[in-house]
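Take a look at the structure below.
A, B, C and D label the chains in the order they appear, each numbered from 1.
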Amino acid sequence: MTAQNQNRRAKRYGMSIDIDKCNGCGACMMACAVENNIPPLPEAANDRRGVTWIRVYKVDNHRPYPERRIAFVPVLCQQCGHDTPCVHVCPQQAVEVDPATGIVGQMPERCLGCRYCMVACPYHARYFNWWDPKWPAGMEKTLNPDVAPRMRGVVEKCNFCHGRWHAAQQKAAAAGKSEIDPADYVPACVEACPTGALRFGDLNDSSSQVAQDAERPESFRLLEKLGTEPKIHYRSQRGWVREIANAPRPEGKDEARG
Amino acid sequence: MTTTRRNLLKFVGGGAAGALLTPAPWRLITDTALWSENWPGIPRPARGEIRARFTHCTLCPAGCAVRARCVNGQPVSLTGVKPHPISHGALCPWGIAGHHLPYHPARVRQGPVKEALAAVARAMDQRSAGERVAVLDLRPGRTVSWTYRRAMAAIENGLYLAPRQPAYSIDLAAAETVVSFGAPLFDGWGTPGNVFAARGNFRLVQIEPVESRTAALADMWLPIRPGTETAMAAALGGETTIAEAARLTGVGEEAIGAVKEAAENGPAVVLAADPSSPLMSLNAKLRALGRTVVARREAPLPEAWKKAAPVTEMAAAPDGAIRVLLIDESLPGGYVPWQEIEPKLAANAVVVVFTSTTEGYARHARYVLPSPVYPEAAEDIGPAIDTVGEVFRIAAPLLAPVVPVVNPGEFVARIAGLPQSDPLRERADAIHQAGRGALLGYADGKSTPAKEVTADNFWKTLNQGGCWMDDTGKKAAPGKLEFIAAGEPPHDELPLMVVAAGGRRGGLAPPLMSKLERESNLRMAANRVALSPADARSNGIENGGRCLLETACGRLSVVATIDAGVPAGVVEVAAGPRIADLCGASPRARVVRA
Amino acid sequence: MIGGKIAFASGMLVALAGGWLAFPRILYQTRLQPVNFSHKVHAEKAGTKCEDCHSFRDDGTYAGIPTLDKCSGCHAAAMGTTVAEKNFIDQYVTPNREPQWLSYAQQPENVYFSHIAHVKLGHVKCEQCHGNEGGAATLRPYQRDPISGYSRDIWGRPVSPIGLRTEGGMRMDDCVDCHRRQGLEYSCMGCHK
Amino acid sequence: MLPGPKERMRLVDKEFIARGLRRSSTGRFLLWILPWAALLVFGLYAAALCLVKGLNQTNMDNRFAFGLWIFLDLTVIALGAGAFFTGFLLYILKIDELRAVINSAVVIGLVCYSGAVAVLAVDVGQPLRAWFTFWYPNVHSMLTEVTFCITCYLTVLFIEYLPIVLRNRKLREVPSFLVFEHELHKLIYVLAGVGTFLSFFHQGSLGGLYGVLRGRPFAFREGLAVWPSTFFLFILSAAAVGPSFILLTTWLVEKLARKQLVRPAVFRRLARISGLLLAVYVLAKAVDTLVWINRTSPETGFQAWQYYSWKPFGTWILFAEIVLFGLLPALVMLTPRLRAHTGWLVTAAAMACCGVALNRFVMTVQTLALPTLSFDPFLSYIPSWQEVGTFLAVVAYGVLVYSFSFRYFNLFPEERELRLEAAAQQEEEPALAGRY
């Protein structure tokens, strides 16, 4: 980081997600893969071996048709703010919480692929590169220069489009500022969401949209009781949707898609 | 003997000990670790100047405005254009990865161009009187469509075929109640940005058997018994009693009553999955014509183009008469099932298809010619179903075709002997001469009246990112709406009703769709069908198991997904050319274990 | 017994010599720059400054080594009489072929280095990291570690001080040191991408 | 005339076998080695596939990020604990009887630990970077603790193994070896001490590995300072089954070699120690479980009962772990009358070992199978043949190392005396040569 600490207030970037607006189109997942140089995986990959930094889950209220209702829940790295499970398990400091942004960073070039962090993460938001990255011939021309492709055998995850953060920093620097303009730093998924279900901002800035969303009564966080202070705030007017924040209930076992 | 051997060992031992005191081993360990950072096979993204370029998406008729982030001119990511008044900066998942399409591994990469030309020419002069030369245009309403119509007018017995275009467009912004009979409003219908922008103002009633993405976000979802939409429409139109409808559709009376009341009160609009379904006639009863259902308007045309062949529907074409059929499948559109086309072909018909995918007509045509794909082709996009007023936008190519392609428009113009020209430019000039409307530039988001711009700047702006719009508030009622009464599904023994899942289908899908289909279970892959647990059980099908989808027209090997959200008696499919060919007009099927 | 000790000692000596003297030289593969370019001449005769050729783009991104058109701006035809320039004109300018410069300072793919942030916000002088490249009369050979594939300037301390350049601070340790010294943040994600 | 190659091999083989020990003929030994060698080769091939083509060769995935291998590592390291614990009892607590099995224990320990480390090297996605853990260690990570301790202890084991090797009849002809061995032997107490310390730590941190997972309430435990309760439970359980495993293996070798190797008293002593510790462990485990069910788990929002309503992991697994394979063997080994019967002893020991294996299974596999998010499915996982192959390679490697050690080194110091006594008792009838 290049700007002085003193003239920069620490940020706490977070996201608010309005589940009642998400139609599960998947634009966020596509934009994420495009932005972060994530290749389409070989045929052998399934939903348990895929790499989807943000993954939209289809959830339902476990009632029989026609009372059954569905909702779509985008799950990305929840950027836990308090004893972040993945950080202190990593044996070689490949995971860190950036004090300046509150973003949980994963260092592919430091990672040795022990996958302990994936075991530690209750949100399954961390993904292992089971294959070397391979793009269809010619498609590597479309890679994003602000993000380095990862190699096989390392763990990766959402970092709020850190490439965009770097770019915003650079833009600010070009203008002689050390503070970035919030409008310049928006993750790809948020930018791509056609329904405006996703919002991004600094939770430390009480005037920001996300900070206010987080205060809403219908707002909740996944597995809040674990005490890891995630920075992704979901909200829904539907009671049964807010239930998903809690621990699983075995009677909820039923055929999920796929 | 032993001593020397022992000394040798000692020497080696000393060497090992010594080596550890040098940087060599440690440096080598470090370097191998560094090597693993960029070992063979990991591509390096090109660095260079980053610029924004603009175009329009041609993957569906919505034609959303696109802002492409380009490195050294090569697009690396696509986003919407916020100031665009129709698409409001939204893109669908297919559009977001559209710039990957040129590199799709399954793309059609070469074809017998010369042979095709020769064969067409031969067939044209050998054909007997009454035998037709036809163009099938899957995406009518484009400028190139007019080229086809002119070409077919120039050729004797020319025939311009196209799937029926609705003569109306829907003004969502004017509606307070939207009654949708399975129209995928939030998942592929119209222009995504426009729909979501209007979403705040209308109350959505979704009437369909499966809880689709649209139904999930609807204010009211009526899980109707499959195939009873007409009964529901009748009740809403006041032809039958609500009780009767409730009995047939399996929807509660009060629910139907509430919908009926809301529909009658407010400015309402009725939508159907198929724009030309008779269900749309309900709009007349709801006094929606001229208010929410308005006349569809196309941008002005050059006078010279008026001499054009009429639009004919496939059904209206004479049987066994088409000697030459040229199919423009370069853009995915309303796929006409092959079994509707086949009977129209003459004995030794020459079928040429311009396409990028092997999934569609390439399976049937004799000559498959590679067409440019988005964003390689210079195209324009006709008005979408939810576009009110006239609009003209150009999909300027973002990169040169990566494979040798044939431009369908030029091909057809050539065989018809039309004079060489640039139809898009002619159209643009015609629009500019009309002097109406305004030109919106995306780079600066400024809108200027068309008459204040020179013809050249008009053309330049359209190509560098801009669109022309003329939305004079006056809304005309559409002409007489014609509908095709859906043929009663033959009451064969097939137990399941085929329902198509939403989403954009046909044509190449970006390779990254694997994220939504294989790498998560968000969307149904083309080879999947969804069944209710009950039907799956009764047919002995387990989740993820291979099975056969059988209809009156044939069978297709698919993978079954058991979904508690699908009602018994319904099979949900990912609609596409193969499914269309399979199901055709009779949407009933059976799923059996493979 | 004695023989044994000697054997051991000699083995050790051989290894030490190899590791400290030979290894550092064989480790790197050396390549020459396509053109014998003299920063010195351009700085003194033409009075150009670094940023005249190594310029920033409008959006603040760094353009790096200038492309041919920049050179041909002045060198459309030979300006001097040196053989090097003649070759340059004949081989590159006339056929309009981009010279394949070898960048000493090219950071690894996983590094996001923002020049403008350092120059404009940090007020860092070019020399501070690049050493006195600008004053050099010739381009020194480009040394590359064939295993890691990285330029010698950006990774790994000089393993043996004997007869090797030590200046130039573009290794990760140099970055971290500097950031530490100035009390700047140095979290991984701050520089890595 | 010179002996043929076969003959020469036989001679070489013979001159390495310790004096006064009866070992099977070279031919039979080769016959015994062969299948294991084959298995090893197959296993190495499987491992090579994983290293060259990557971990896509396994059936692990993002949800089952740890699989068979981690389970294996935890188990063998627990069983290998016999090495350090016997050393501890013998050299620190001066329980001299155990001298009879210490060598064997060291070999077993060596086999288990080296095997585990080898598997770990295959298990990581980027083995070339494994050393980062030593260079950029994250001191808060249990895995760092494990890595450090295991590597150190492995070296200790090697040093402990050396004297056994050097005391070989042929090798001791080299004078310097003899000296070296003597020097090493002086160190043995230090080594034992260090080994014990290290072992306590990594056994503990292996337990901590899962105990610290705040995000996995099924595994998460409270504890003292940075150490969750599983830290201590693992130490205890490892110490408890270590002797049992020594007992089990010794008995097995006796059966295979068809000769007595240690005095029955040794068996009983091992059993008593094992039983005692097992009893303590069971008690501690029971208390821990109760605390977890009533406090730890509910506080994280997870009701403990729900873990056991995902079939097949019912409460039976809890019962099996604590009562069936814990309390029961403990009682058997603590009851003198039952202890007298080798049959009971061995059965109990085997059960104890199963118990610890089950505990490690629950900790690793069940933890990952259970859902954490409310919309997670319950997952199952079946290892691929490459994973199983790698696992088998370790087993084969273990058997081979032990077989060679047993054949050429004096693993059981009492063996010779016992044989002489036996010989003395029975009149000059030819003692039957064992399988080895």
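Here is the rule we go by: a residue touches a chain if its C-beta (ideal position, glycine included) is under 8 Å from a C-beta of that chain, and two chains touch if they have at least 3 such contacts.
Here the structure is a predicted model, which means the values were calculated and not measured.
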Chain at maximum distance from chain A, centres defined as averaged CA atoms: D
Closest chain to global C-alpha mean, per-chain Cα centroids: A
Pair with more cross-chain C-beta pairs in contact, given A-B and A-C: A-B
Euclidean distance of C-alpha centroids - chain A vs chain B, Å: 29
Chain centre separation (chain A, chain C; CA means) in Å: 38
Centroid spacing, where centroids are CA-atom means, of chain B and chain C in whole angstrom: 51
Rounded Å distance between chain A and chain D, as computed from the means of their C-alpha atoms: 41
Contacts with 2+ other chains: residues of chain D: 126, 129, 132
Residues of chain B whose C-beta touches two or more other chains: 32, 35-38, 44-45, 47, 50
Multi-partner residues of chain C (each touching 2 or more other chains): 59, 61, 109-110
Pairs of chains satisfying the touch condition: A-B, A-C, A-D, B-C, B-D
Touch list for chain B against partner chain A, complex: 36-39, 41-48, 50, 71, 74-80, 90-93, 96-97, 99-100, 102-105, 186-187, 192-193, 196, 199, 211, 213-214, 216-217, 223, 402, 510-516, 518-523, 530, 532-533, 543-544, 561-568
Chain A - residues contacting chain D, complex: 44, 46, 48-50, 57, 59, 73, 75, 83, 85, 88-94, 110-116, 118-124, 126-132, 151-155, 222-228, 243-250, 252-253, 256
Chain C-facing residues of chain A, complex: 1-5, 96, 98-101, 103, 105, 107-110, 146-149, 159, 162-163, 166, 169-171, 173-176, 178
Parts of chain A lying in touch with chain B, wherever the complex brings them together: 20-21, 23-27, 29-31, 33-35, 37-38, 40-41, 43, 45-47, 49-52, 55-58, 60, 64-66, 68-72, 109, 132-145, 147-149, 151, 153, 188, 191-192, 194-196, 254-258
Chain B-facing residues of chain D, complex: 126, 128-129, 131-132
